[in-house]
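Just below sit the structures, each encoded as structure tokens.
In the two complexes below, chain A is the common chain; its partner is chain B in one and chain C in the other.
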Partner chain A sequence: MSSKVLQIREAELLLVRWLRRNSFTIISLAPVIIFFSIYVYLPTLYSVYLSLFKTKLFTPVNFIGFQNYLNVLKDSSFWGALRNTFFFTAGSVIGSLVFGLVLALLLESKMPGKTFFSSIFFMPYIIPYTAFTLLWYWILDPVYGLINYLLSFIGIKAIPWFTSSDWVIPAFILMNIWKRMGFAMVLFLAGLNTIPKELYDAAIVDGANWWGKFRHITLPLLRPITLFVMVVSIIYNLQLFIEPFVITKGGPSNASTSIVFLLYKTAFNLYNIGQSSAIAVILFIIIALFTFLIMKRFKTENFYE
Partner chain B sequence: MKRFFCLVLVCAVLIIFAIFTISTLADENANKTKVKIWVAGAQEGWLISSNLPAEFEAAYPQYSLEITQYPWNTLHDKLIAGFLGGDLPDVAAGADQWVAEFTAIDGLEPMEDFKKVNNYNDSDFVTNSWSHFITIDGTLHAVPMASAMRVLFYRTDLFEKAGISHPPTTLDELIEDGIKLTNGKDQFGLADQRDYLDFHFFSWILYAKGGNFYTPDRTKCTLTDPVAIEALEFYKSLYDKNIIPKDPAQQAETFQGFLQGYYSMAMSGFWWLGLLAAHPEIEGKWATAPLPADKTKITYGHPNGWIIPAKAKNKAGGEAWIQFFLKVKTQVDWYKGVGELPVLLAAYDDPVLKNNPHIPVFLESAKNGMDSLFNIPNGDPVSALVYAMLSNLKSNKVTPEAGAAAVCGKMNDMIKQ
Partner chain C sequence: MKRSKKNSKSLEILNETQARQTKRQLSFVLKYGLKYIILIFFSTLTLVPIYWVVVTSLKTKSTILFWPPQWFPNPISLNSYEEVFKQLPIGRMALNSVIIALSMIVTNVVFCSLAGYTFARKHFPGRDILFALIISTMMIPMYVRLIPLYLLTIKLGMQNSYQGIILPSAILAFGIFLMRQYFSTLPLEVEDAARIDGCSEWGVLLRIVLPESKPAVTSLALFTLVWSMHDFLWPLIVISNTEMRPLPVGITLFVDLFVSEWGPVMAMTSILIVPIVIIYALLQSQFVRGLTEGAVKG
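And now, the complex of A and B:
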């Protein structure tokens, strides 16, 4: 038998052996892979395909290359939406990280009712999104809202949360921090529990105060968790949609129009599926770029050495 | 143990099969053709538990009804998905701005023949009920379902306190009364409107001034015309004079503000009748009036309609439902259950409507004439454009002329699509 035929036979045998060894894994993963292929990967690929066409609803009509992308990049409303989305993402990510970490540090200490408070702080995360949005619509009403009422006790003038283009994104940031800090808290709590207590003991012996221990032990060893929370938060917050859709319809003066809201309007109001697909692809590239840069910048090191 | 679980599983399958078979055999609708109806909004869900399905099935024994209620935004998206090959109803409630939008994508069945065969005359219906659904090519693609006129709600107690004997009937009187009713702190003359309600509010002023968003053939934006600029200036002056709170921090939610006496007047629709009735503390302290007029009495208002998808499986059933709906008794029952105002003028003679002191105001408003933007395919994007411009206008980021020019620059392309 020729060497080539022997090589093919050997490859076939290796494949069969590999399949036999991993048959349980393959069978277990098959439903998920099929599901994701049908409902996620194929529609994503079709969306990229549609972005290269002038479309009539979801049917490609004329191939126009990158014209949809050029139209998007030339549209001032796209840049406005991008600016709004970045501003929202930056504020939400920093806020939920900081508050989540603070809560985790407080709950990590020995205190009564720790489990109860953990549950309370996590609860906003599981409230259905539309209900949560409508709740905050009233909490942030400039005249009848709870926040302005409380601020009036410390002499702060009423803030026009949803009625001013300067305050609408900060309003969304506030809502988002409240909703997502519990998620960050839970992850940070888990991370804090993995830090060896001996390190803190050694630091105490060396005369480190609270800040020294936090800066030189806690923060560095929480880096993997921080990285994870940051990446997940960025991915999530760059897809801001519910708040502008339910509360402000992108206003006032398009100040709360986000990239995904713009994508929705382009697709389902203007029926320009090709251009909305181009927006989706651009958003995907932005998210992928952010994720790559963050992962590269905060590469995991062996902090125990 | 294994045998026991197998036995349990087999029994469960047999029981489920038996239930299914019995229910199918017992189904008295097995010989009837199903008519699928989709309605919108929590209030319209009343239809499911009302007597109307039984009455319809008694009148049309060959049909059985299957009614599903969706939130408004969800219904729009469900219909779009249906037009693309998904599930479709035989008849659905349709917001007026959807009709031209769905017609443009060949989603709807034309309804002129339905109107002719059933001898429906425009004069038997509230003004503009049928003509509102005629799209730019002259075809009719929806049937009127309910009227959505806007009127002026005003606080009679605050008017009395300010020494004002009657609600304003002209835009000039609106300004005069608004100034008297405003103290700039905890009371303002007129309510601020949020998101697209602000666009409806401006529409009223535009029509009252004799203007419109586009030419009669709906091909060119007319917001840069002198009457439209005058309307924009009037709208802006309401904020500049603080009749509507100029400071965004003072712009309370419309209904709450009216309820608390923060706003002395507000433009709104039929749904406020039900909302105000649920607050007995305000009973006797409010009334309604037609919206103030100027060069014309035309105000913002429109019908909502019934639509039949072009690919519906049972169009005859859908038409039967609409025929049943456009009977006086059904219209009155719909008003009693849902609160939406009838389109049939004869329904307003029913005591439940005639004895309501506010209904004649709505009817007068309709008779004076009402109009709205939404009989062009891109009604939603155009209204979003105008809404954004109004936000800039009232915060002095743009002049009326510049704002109108910017809107027309984009609108002309949108309404031609």
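And now, the complex of A and C:
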């Protein structure tokens, strides 16, 4: 009996000693673990759970399996939203990467004004999203907007940016290239810094011209950073929401309805939480898929270098 | 005869080198001139929209609609600003934004530094898996967990409160990543010396590591500031009371209030853009580092 008590005491002492020795690790990580469980992991799992239920207002009522998913996939407005979102993402990712690379190459060498120019190009990236959206809402106004005024100098007639279903997504793409090309540029500049100068010297000895150096040295060695910028930009752009929410309300005739806009509408206008959660899970799967595919390329390519 | 021939030949060579030199100079000027022209062109494209917003906010109702538009507002009018301040509690909304941003900065700096330090310096089983589990959440968009977060916030009675807005962004995975990356570049020797001298872990972190990490802390603070200003849908659905709305969300209400009244809308936009552009101009190198770090080292 007394030996058992002693054993328990001993175990207690050991535990206390362990806790004391690791108190720093425990105290420093506990808030993070608790926070990420409650605010990230559980809500994400609960979204999956909700997507399998028929819901009434905000409470799950009947388990219906994958019925919500089938409803989403049968709905033509989902496919429209998917098409709009992909079109937007492709245009704005390619555009900001190309312009970002061009600007980085222009600023690459040590030249006076390098920091000045690069901080100008980065500036749109820090402008709060709603301010950015209203700014372009005004500048792309079909009648009084600055862009249409400037275009009139090169003989282009007024473009009905946000009021035409053909122009609304290109307008969003234009806006986002403006906002994000500086971000791509900064990352490309950092990537260019890591390329050893000897490689270029060797190429010059071998008689390579500018294009040869670019194709055979710069581009291949920039690939890891390019893929990184691509992943970040794709994840970000697939979440298009504020532009259609503030400017077009998804219109004209659903031409600017994005996946997240549809998610929002299904949840907070139609109060169909189950179906909205199904859209959320589908969005997550799409993002995970893109990330996985690009990361896989990244890994195999690293292997060869 | 012979001599003069030799002379003329050397002259020729001289001429040739001179010509080559001027040619090189010319191509140098051309190359750099062209570079600068393109850079100035792109800078103009970047800056003109921001300039245009501020200019529009200073025009009158009628001069806004002038065609061709005025590049300089004449007369300069503050009517739009007056209107904005009359219609909306701008001061209160700006205060909300400041409170939210500062709280997020404090929680992120404290908790991300703590966790980042432990991830960088401590060895314990499961550390790398735990770190990967946290970092991979950067891939989960806010929208995916929007509804459960909303239900949770209501259950906790935090709708229409600062905590309701702040809590989901109180610890950002990117912040932990940023701090860990930075801490692992610091030399171990100083910390070890302090430990031998009897300094506790808390002492090492607070007295030695953190003072060495001012650039990383600044970067994290600025990243969090930008994050808090970009947040839109979350504050929109959690707050239903105009007085509690942060500025970026408040201005979208304004659009519906003033259908196509561009003056006041641009005044609101300027109120939001100008302060952050000024902070950016003062601290731009830290901004760039804070928002792009990790990409480079990771």
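Criterion: the second predicted complex is superposed on the first by the 268 of 305 C-alpha atoms of A that agree within 3 Å, B and C clash if a C-alpha of one lies under 4 Å from a C-alpha of the other, contacts with A are read in each partner's own complex, and residues count from 1 in each chain.
In this text, contacts are C-beta pairs under 8 Å (C-beta built on N, C-alpha and C of every residue); 3 or more make two chains touch, one makes a residue touch a chain.
Bear in mind that the values here come from a model prediction, so they are computed numbers and not experimental data.
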Room on chain A for both chain B and chain C (clash or fit): clash
First, second, both or neither for A:K157, with chain B first and chain C second: first
Partner chain(s) touched by A:N71 [first = chain B, second = chain C, both, neither]: neither
Chain B versus chain C as contact partner of A:S165, first or second or both or neither: first
Chain A residues touched by each partner, larger count belonging to chain B or chain C: C
Which superposed partner A:P252 touches (first chain B, second chain C, both, neither): first
Partner chain(s) touched by A:F268 [first = chain B, second = chain C, both, neither]: both
Which superposed partner A:F58 touches (first chain B, second chain C, both, neither): both
Which superposed partner A:F117 touches (first chain B, second chain C, both, neither): second
Contacts of A:Y144 with chain B and chain C, given as first, second, both or neither: both
Segment of chain B intruding into chain C (one of 26-34, 62-70, 206-214 or 386-394): 62-70
Intersection of chain A interface sets (partners chain B, chain C): 58, 138, 141, 144, 268
Chain A residues within the chain C interface of the complex: 22, 24-25, 27-29, 31-33, 35-36, 38-44, 46-47, 50, 58, 99, 103, 106-107, 111, 113, 115, 117-131, 134-139, 141, 144, 146, 149, 178, 182-183, 186-187, 190-191, 225, 228-229, 232, 235, 238-239, 241-242, 245-246, 260, 263-264, 267-268, 273, 276-277, 280-281, 283-284, 287-288, 291
Chain B partner contacts - residues on chain A that touch it in the complex: 57-58, 138, 141-144, 148, 157-160, 162-165, 167, 248-254, 265, 268-271
Residues on chain B engaged by chain A in the complex (per definition of touch): 76-77, 80, 83-84, 105, 192, 194-196, 247-253, 256-257, 260, 262, 378, 380-381, 384, 387-388, 391-392, 395, 397, 414
Complex interface listing, chain C residues touching chain A: 32, 35-36, 38-39, 42-43, 45-50, 52-53, 56, 64-65, 67-69, 111, 114-115, 117-118, 122, 124, 130, 133-134, 137, 139-149, 151-152, 167-168, 170-171, 173, 176, 200-202, 226, 229-230, 232-233, 237, 248-249, 251-252, 255, 262, 265-266, 268-269, 272-273, 276-277, 280-281, 284-285, 287-288, 291-292, 295-296
